[in-house]
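Heads up, the next two complexes both have chain A, just with different partners, chain B and then chain C.
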Partner chain A sequence: MAEELVKLTIEGVELSVPKGTTILEAAKQAGVLIPHYCYHPALPVAGVCRMCLVEVEKTPKLQIACATTVVEGQVVKVFSDQSVKARESVLEFLLINHPLDCPICDQAGECELQDYVFQEGRARTRYSEFPKRFNPVEDFGPDVLYVPNRCILCTRCVRFMEHAAEEEVLNVSERGDRAFIGIHPDKRLDHPWAGNVVDLCPVGSLLSKDFLHRARAWELDKTASVCTGCSQGCNTNLDTRNNMVVRIQPRANTDVNRYFICDHGRLSHRWMNRGDRIEAPLLSHGHELTAVDWDHALDRAAQIIKGCSGKGVALVSPGASLEALWLVRKLFTGLGLTGAFRVERVKGESPLPGVPGLALREERAPNATGARLLGYTETFDEALKTVEDASLVVVLDDALTGVSAETLARVPNLIYCGTVLPDAARGARVILPLANVAEEDGTFVNRDRRVQRYFQARATPGMARPAWWVLSELLQGLDRGESAGVAGDVFDVIAKTEPAFAGLSYGALGAKGAVLPDQATAGARA
Partner chain B sequence: MTIGVKTVHRPDHEVSYLRATVKGMALTFSHLFRPKVTMQYPEQTSAPDWTISNRWRGTHRMLTDEQGRSKCVACGLCPQICPANCIKLVPGEDEEGNRYPLIYEIDEFRCVFCGYCQEVCPEEAIHVGVHYENAEYDRDRFVYDLERLCAQTHPVSTLWDPSDPKGE
Partner chain C sequence: MGYPHKSHPKETVVLSQYFGDAEARTYDGWVKRGGYQALQKVLGMTPVEVTDVVKASGLRGRGGAGFPTGLKWSFMPKEKSKPHYLCCNADESEPGTFKDREIMRWTPHALIEGCAIAQLAIQAEVCFIYIRGEFTDPWAVMEKAVEEAYAKGTLGANAMGSGKRIDMHLHRGAGAYICGEETALMNSIEGKRGNPRIKPPFPAAQGLFALPTTINNVETLAAVPHIINRGADWYKALCLSNPKSVGTKLFSVCGHVQKPGNYEITLGYPLKDLIYDMCGGVLKGRTLKACIPGGSSVPFLNREESEGCLLDYEGCVAAGSMLGSAGCIVFDDSADMVYQTMRLAKFYAHESCAQCTQCREGTAWTVRILQKILDGDGTSKDLDLLLDLADQMTGKTICVLSDSCAAPVVSGIKKFRGEFEAYLKGARRAQVAVA
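On to the complex of A and B.
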């Protein structure tokens, strides 16, 4: 059924939009950003900030673009004298009590109040002789601070807690110029998704304690990534400064996480910067490990694999990329492979009730579905019992917690590929240092079988390299494949050879990913 | 094989240095009777007709508040604007929850004394100074930390004012 379209003109641009669209959304399509604070695409319209006032021809008063739906033949003037003057007045009201402490405010640089005042606000105040309202900083919850002075009362946080988190903890207390965001006297803002109010806040009023004073917005480089916290696969941005991941923010993807990520994912970035990494390929000489260059290490690994016959065991991490998992499997061509992984599970999902299908999942790994699709099974403990009989054991970035060094010491041919070196893996014949998720490109398959790309955000430490590079070089040494120039080379071969991934291409995945076709999953399950 | 060297015989008045010496000394001694234009530096650092400009941009000084703490709020604008990348800043939070610089260091060797840091500072904390005597025994001493920047006492530079380009 064709949607009914409405024709209108915004700032001289004629366009047709579906009936029921708001002027603000229609203007976005016309390439015009109407300044707004309280409006957010994921929240119900409140119309309280009055910032999106625009002139609509043949209406006596200015209209708020966020709550006015388009009408056939409408002519909207966003930057007419009247509407600009109205918005300038709104900004003047907002700034009456705003402390203008941008130098010490974490939001400075990504603050919508800053942006719009710079764009359309007055250059000077007319209220210099009046003191500003002052309220002390409040501690709202485990990761959220509230600075009432900076608040412009857009109520995005209130509406998020009410309609998305469905836990009414916040409200607007008091009235008029004394109004502020109040918290329930007996409750704290400790909902597992509460951290999103920090992102939603257009000003620096709600702050993340984790990020407090850590970096200025303009120092950050943003890289598209995928959350590794659980199997939901929320899209994220990794914010890096000086080669350190300092913040994780949600990246909008209406098909997965909309505009949100949970606090578990938001706060799990410290491990990406950990310093105790393997920084060079290591070979065992007796009981000593010697650092060597990549050529030597890969040659040795290829020799070991060539000399193996019989059964092989691969212990992989469900946090490894699809490319790495596939390449590891390929190492065992000609050997009987037992591919196993284990997933950390935490009882109980933490859903975001307002967004169906979005939750912090029990399975706390980003690529367990990908591992299953490639034939790995969740039989880590069983597989571990068989390693002694295996001619070749490859461990891919499993931390080997709970695995004793003695068990692995009896393995004749152990190759450890990983980011950090657990004690249990010290007996490995070859140790290959890998990049972690923030340091490489790759893909994950989330629980809904959506294949999503993530990108490199920081440099690898030392000589560590992405798994797709290491393993494809190794396979080239074994004459079983070509060395990959980029992660996409590997993915495109997977798409060609694996029926489950047929029809996909790395380039076409884009920033939003693609869902695997149904028949493919049926085939994989069979 | 010897190289053929051509010997030039010049007349004595061209070869003698005596004339040139007398001429040079005459110029030298004539200066004894002219007005003095030099200054007895370092005993004397300014003269009635010459003082250092108040727009001189020399080594930095951090201004302090009444309690003697630096006025810096660690906003990060000076390291951002610095074209020489000579300012190191690590922000922190004090007991009262105020933002302040945990580490604030300026490498005066790297500094190009452009004065942008002073211009950009929203708190009027960091300044370039009217100061030019910077001898040290050690190169490391030229990385000024916050304490040293606060301890400087020299006058701070007046920035160029576009509405008053000649500083009148």
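On to the complex of A and C.
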């Protein structure tokens, strides 16, 4: 059914948009961002900040663009004298009680009040003789502070808790200029998704305790990534400062997580910066581990693999990239492979009720679906029992928790590829240091079979390298493939050779990913 | 008036006929005075017929906006596919207005009958009467009257034996002025914070509980039984000036007059006569300085404007103000207009619901500037600033509370600039303790 289109003119640009579109959304398509605070595409319209007032020809009063739907033939002026004056006035009103403490405010640099005042505000305030409203900072929840003095009462946080989290713990308390965001006297802002109010807050009124005073916004580099907290695959941005991941924020993807991520995912970034990493390839010499260069290490690994025959076991992590999982499988060409993984499970999902299909999932790994599609099974414990009989065992970044050194000591040929070195892996003949998710490019497949790319956000420590590079170099040494120049090279071979991924290309995945067709059952061959 | 004084001979006594008559409060007393005949009649009419009578009568909303009542009723869906509601706005909180209070205190059954008729006209089985929280006496009277009407079978599942259901619930406000705004009132009934809603959608499409709703003022509804009983033509003929403004209107007069109180007049009656004749003029030895004809939200009239003003919707606009809720506040020459302006603005600053930026911040800022002027610290720039703020507070917000704060400021400065300048020059100091 064709959508009914409405034709209108915004700032001289003629455009057609579906009936029912608001002027604010239509303007975005005309390349005009109408300044706004209370409007957010994921929340019900409130129409209270009055920032998006625009002039609509033949309408006597200015209209709020967020709540006014388009009408055929409408002519909208965003930058007419009247509307610019109205917005300048709203900004002046918002600033009379707003402390100009930008130098110590975490939001500075990514503050919509700062931005619009810079763009359209008055150079000086006329509210110079009176004191500003003062209320003390409040502790709202495990990761949220409320600084009422900076609040512009846009009510995004209130609406998020009411309509998305469906847990009404916030409200607007009091009236007039005494108003502030109130919290339920017996409750905390501790919903598993509550941290989103910090992102939604257009000013520095709701702050993350985790990020408090950790960086200035302009020092941060943002890198598109995918959350590793569970199998949902929420799109994220990793914010790095001086090569450290200091914050994780949601990256909008209307097909997956809309504009949100849960607190579990938001706060799981410290491990990405851990300092106890393997920083060089290691070879065992008797009971000693010796650091060597890559050529040396890869040669030794190739030699070992060439000498193996019979059965092989791969113990992989469901947090590894699709590329790494596929390349590891290829190491076992000619051997009978048992490919196994284990995944942490936490009982009970934590959904965001207002967004259907979005939850912190029980399965706490980003790529278990990818592992299954490549033929790995969730049989870690069983596979571990068979390692003694295997001629080759490769571990891909499993932390080996609960695995004794004795068990692995009985393995004749153990190759450990990972980010950190567990004691149990010290008996490996070759240890290859890998990049973690923040340090490489790659893809994950989420629980809904969506293949999504993540990007490198920080440099690897020491000589650690992305798994796609390490393993493709190793395979080249074995004459089983070509060395990859980028992660996408590996993915594109997967797409060509694995029926489940047929038709995809790394480039076409883009920033939002692509869903695998349903009928493509696993290339379950292992 | 009827209470506590006898009606003035020049009043047109319709709604206020039984003010002060305690027996009229009871069901039987009301029936004895011709009550519930109109409802009986309407039970035999179709909704469209009832609406047409009210349309033809020319009755306009008495809450302030003056919207034609019959037209408002006709906006309700004709084909009833989901429940309809009637809301009666009895949250009379406009400073200077106290007419609905007297209607509820003395003639509760007139309101109940009016509501029931309106319910039949808009096909609403349920009516909510939202009564201002501070109205303890009217609340008690209304509660008793509704109870009686149910006991007599006038309300309930089989209203007056007609087989039709007419239910009525009283809802008590909690003290917020803004809950008198129609959509805030609906939010309040729903148990939410009383914040005005964005329109559209309008109440007739999505009102109370997102269902088709009509909301009318107490005085509007109380007039309906009279129109049904005596006919649209009778009501339409009650007119002294502009034919668009017909019927009687209760004026609540307060301030510097000899006899404050409620006066019921035919629309088009001169304000001058209301003040000097009915109310006995201003206090002895004083002269009239200003008047607010329609409740605290409308602009001031100065003496000349007041004396030339005809009290109807058009006449008040022509004089430079509005009829509003007909809360008439009279100021004599002892009044300090700067203080009065500040006091009005302060009310709005206190009552702003805090949704819209201009209102939340602008009302409070306006008060601070006015207070500063009263303290003797004003400068010449302050008046321009006040006018500029008022301009940005007008026509830019969800409801008109912000506009209502701006109106007295703009008219105060425009019409009494000399008094403001006297403060700025230091020639005048505040006489009253400014709180």
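Note that in this section the second predicted complex is superposed on the first by the 521 of 526 C-alpha atoms of A that agree within 3 Å, B and C clash if a C-alpha of one lies under 4 Å from a C-alpha of the other, contacts with A are read in each partner's own complex, and residues count from 1 in each chain.
The working rule: a contact is a pair of C-beta atoms (placed from the backbone, for glycine too) under 8 Å apart; a residue touches a chain by one contact, two chains touch by 3 or more.
What you are looking at is a predicted structure, and each value in this text was computed from that prediction instead of being measured.
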item	value
Partner chain(s) touched by A:53 [first = chain B, second = chain C, both, neither]	second
First (chain B), second (chain C), both or neither touched by A:479	neither
Greater chain A contact set [chain C / chain B]	C
Partner chain in contact with A:212 - chain B first, chain C second, else both or neither	first
Partner chain in contact with A:137 - chain B first, chain C second, else both or neither	first
Partner chain in contact with A:104 - chain B first, chain C second, else both or neither	first
First (chain B), second (chain C), both or neither touched by A:179	second
Residues of chain A that lie at the interface with chain B and also at the interface with chain C	none
List of chain B residues in touch with chain A within their complex	73-77, 80, 91-93, 97-99, 122-123
Chain A to chain B touching residues, read off their complex	102-104, 108, 137, 212-214, 216, 218-219
Interfacial residue positions of chain A with respect to chain C in the complex	45-51, 53, 60-62, 64, 67, 85-86, 89-90, 93-94, 96-97, 126-127, 129-130, 152-153, 155, 171-172, 174-179
Touch list for chain C against partner chain A, complex	176, 178, 193, 198, 349-358, 360-365, 368, 372, 377, 385, 392, 395-398
